[in-house]
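Going in written order, the chains are labelled A, B and C, and every chain counts its residues from 1.
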Amino acid sequence: VGDLASHVGGEVVGNAALPISGVSGLSEAKSSELSFFANPRYRKQLKSTQAGAVLVPSQLTELGPGPVWIRVSNPHLAFAKICALFYPRPQRKPGVDARASVHEAARVHPTASVLAGACIEAGAQVGARTLVYPGAYIGERSIVGDDCILYPNCTIREDCQVGSRVILHSGCVIGADGFGFAFDASVPEHFKVPQVGTVRIEDDVEVGACTCVDRAATGETVIGRGSKIDNLVQIAHNVRVGPLSIVCAQAGVSGSSELGSGVVLAGQVGVVGHIKVGDMARVGAQSGVAQDVPAGATISGTPAIDHRQWLRVAAVQPELGKILRELRELRSRVQALMDKREA
Amino acid sequence: VGDLASHVGGEVVGNAALPISGVSGLSEAKSSELSFFANPRYRKQLKSTQAGAVLVPSQLTELGPGPVWIRVSNPHLAFAKICALFYPRPQRKPGVDARASVHEAARVHPTASVLAGACIEAGAQVGARTLVYPGAYIGERSIVGDDCILYPNCTIREDCQVGSRVILHSGCVIGADGFGFAFDASVPEHFKVPQVGTVRIEDDVEVGACTCVDRAATGETVIGRGSKIDNLVQIAHNVRVGPLSIVCAQAGVSGSSELGSGVVLAGQVGVVGHIKVGDMARVGAQSGVAQDVPAGATISGTPAIDHRQWLRVAAVQPELGKILRELRELRSRVQALMDKREA
Amino acid sequence: VGDLASHVGGEVVGNAALPISGVSGLSEAKSSELSFFANPRYRKQLKSTQAGAVLVPSQLTELGPGPVWIRVSNPHLAFAKICALFYPRPQRKPGVDARASVHEAARVHPTASVLAGACIEAGAQVGARTLVYPGAYIGERSIVGDDCILYPNCTIREDCQVGSRVILHSGCVIGADGFGFAFDASVPEHFKVPQVGTVRIEDDVEVGACTCVDRAATGETVIGRGSKIDNLVQIAHNVRVGPLSIVCAQAGVSGSSELGSGVVLAGQVGVVGHIKVGDMARVGAQSGVAQDVPAGATISGTPAIDHRQWLRVAAVQPELGKILRELRELRSRVQALMDKREA
């Protein structure tokens, strides 16, 4: 416990000599494991936990008996850092498996691991210690940096750039053609606008399973440094996602829109094309964003409005039937008053 | 007809000796085929069908001339059972194709079929008669039960458990990392919380194409026995889906939420994190569920409310502009009345 | 410039002899590149562009100095046609790579290219000049026409038909089982209704990354000629999408519904099952369509209503709290008037 606490700058309350063999959630942790408490929802689980040690917020005062407590400013972050000690990133033997298809004109760093069934095309590059799983595909001339993980069945199309320490989850697709057509009434047909741009994914980005980041029509689609994108997200052509942004599952950003720095889109949000979402803006789940969003705003709803206003609207909305009835009733009363007056 | 009818416990009205060679929908069925009638929408198609035999609900009395009728309590279920006779599940020659990549430390049952281009990692297990298609991936130490079908390009990451008679459709991803980060302002960065838990998929589950079931942060994400999940669904880390639940396409369930037994989420529903949806609850399409749902409830809307109340709201909502106008008009009348009174 | 202008029937204003080496967006274009101006939002970029030549709408009169102008009736379409000159569709050496898995009973046209790691099953057919990337899968007896592109890790299940000039993007799944179950209370279980139909994709269709087109329960799911489907879209069993329709990212169409000709579904739209959306109808982003839509209609909202009415509703909705307050205030005033009257 003592070593772990000092790794995260925490203060131990209890037996610092207790040995810890793993990490777990409050409910499942055993007496040899470390857990954490951050969300007040889990106060009950905190009371009954069997964990040997628990990371708690510094300001928590009533620490009962039971586990050894480790006080830290951010228990979730401290837990993450301790987890990373117990579970290092996956590693495989360096080198290219004989059953991988690596083009002779591809450059794979000797410390990279390319597993059976992976495919790396001509002109592609793979950096140091990068791990390429079976079924992962790296297209012609695409460049993948150091210490990346390309999970099974992810796809990087041609001419894309992926930075270092990037994680691409299974089934994600980087660099598919943007959705661009020009209607030609003379045929008639939707004539395909060749998508001749590319995708640039900066360092420390994570892209979720089955998430699609389309290549630009011309120029680049960009996912900025340290941004994290969840599963099943759509990032259309020419979108720019600023550094350190968070895009939750099933959200979609339409063509040429820009998310600033530190933006958060909750799940199933939709953002129309050609707009800007300012730095640090937060958008509530399922919202539809149809115009520019100022920096720092918190918005919700379709079309999205200020979040507090939306909460009021959401509270009144279920009463709409009643409101209509009251209005009709009031009208008859007023009519009655007017009738009497005239009488 | 007679044999099929007795297979589903049906009563034949007409020539039980008619030979049936296949199954089809009411509109397309030929005179040698069997069809079914369950949804009253298709009454017109019932009248004009060319089918040789039609499964109908027992209570249907006006059976005209034409096909042989088979009366059953549940025509859709009876049709499904007869379909299964004509179209048994896909089968391939048992054994491991030479072009599959199966680690020597994996255990594949001799009756399982592993096709070219499938990949099974060290410590993984594949049960009896399970069929693993090209491009399917089974990670280290993951266990797949008997009689499963893993369709092309589906992915099971390491340390997951899949029961028996499970169907995983193409492009689905079981066990990708949950979306967990702790913000470290000192860098700044979103520090990845290692997702050290796993996924357990119980018997008789079906997971749709491009659906993602994330591995738990710690502990398990669970899809309960007999649950059916459609395409493009997001099941986040530590979610528990009860037995016999139905999750329709493009729905998403956020982290640590629980769906009870027999729950139905319609298409594009979103469920926030850390809540419980009670047994047998039903949630209407595109709804946003933001708090616990009692067992047996039927809810709709964002935020979701009682379904019947939502129907009233939905009926009034288009009149909002008119309501506002009426309100303003009423206000002027009242003002006029008050003015006159004072005068 | 002159040659390009005549290729698209445009009128040159300026030096028709200027050589053009590529295409680009207004902001990034260099003096040797051609760009286009179609969306008035980009007027500023038009003024400052460094492009050598710019396609502009014929009616645009104030053409300042700077680039050579090419006047055309549809600059976006003209740009697309010129792009296609500079960037022809991807091509590879004809033939089957030794590391592809092609069944001996499959028929691959000698001019087709089947790359390493692709898989083509027994009875499947691949047409002339079709390009099959690594990880693409064509199931038993499925037929793919001429000049198609099957990008990495896309899946076509058995018995499907794909026309000519079709593009299937990475991760898309054609012909997964439709989502059909019949509840059998006696077990209890959701009994799988075998999905014994198929998918037919007509000529000139494009299917986006991670999009799912399910096979029919019986009969066919159809994507009509020239329709374009974006990423992460769900097309359920027995759906029919008319010719020249556009379905944007993350939209979903439920079972047995029909989209007419030239229909447009914007992003994240949901369409319930068993309804018809008429020819040329347009549905706004995130809308929920719960009943038949007349031809030519433009609708929005959940449930979807006429788009202009929806705009009014959307404008009033944020004021719901205020409306309720006004109503309550008015009621007290009326009550006061009535009280005085009685007094």
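The working rule: a contact is a pair of C-beta atoms (placed from the backbone, for glycine too) under 8 Å apart; a residue touches a chain by one contact, two chains touch by 3 or more.
Owing to the predicted nature of the structure, the values given are computational and were not obtained by experimental measurement.
Visitor: If chain B and chain C share one sequence, what is the angle of the rotation that overlays their CA atoms, in steps of 5 degrees?
Guide: About 120 degrees of rotation relates the two copies.
Visitor: I want to confirm something about chain A and chain C. Since they are copies of the same sequence, is their interface symmetric in residue numbering (over half shared, so same) or not (under half, so different)?
Guide: Chain A and chain C contact each other through largely non-matching residue numbers.
Visitor: When the C-alpha atoms of chain A and chain C are each averaged to a single point, how far apart are the two points in Å?
Guide: Whole-Å distance between the two chain centres: 24.
Visitor: Counting only residues that touch at least two other chains, what does the list for chain B look like?
Guide: 117, 135, 153, 171, 210, 232, 250, 268, 286, 317, 320, 323, 327, 330, 334, 337 - these are the residues of chain B that touch more than one other chain.
Visitor: Touching chain A in the complex: which residues of chain B?
Guide: Contacts found on chain B: 101, 117, 119, 135, 137, 139, 153, 155, 157-158, 171-173, 176-177, 179-184, 188-194, 196, 210, 212, 214, 217-219, 232, 234, 236, 238, 250, 252, 254, 268, 270, 272, 274, 286, 288, 301-303, 305, 309-310, 312-313, 315-317, 319-320, 323, 326-327, 330, 333-334, 337, 340.
Visitor: Which stretch or stretches of chain A touch chain B in the complex?
Guide: Of all residues in chain A, those touching chain B are 23-25, 27-28, 39, 41, 74, 76-77, 79-81, 83-84, 86-87, 90, 97, 99, 115-117, 133-135, 151-153, 167, 169-171, 204, 206, 208-210, 226, 228, 230-232, 244, 246, 248-250, 267-268, 285-286, 314, 317-318, 320-321, 323-324, 327, 330-331, 334, 337-338, 341.
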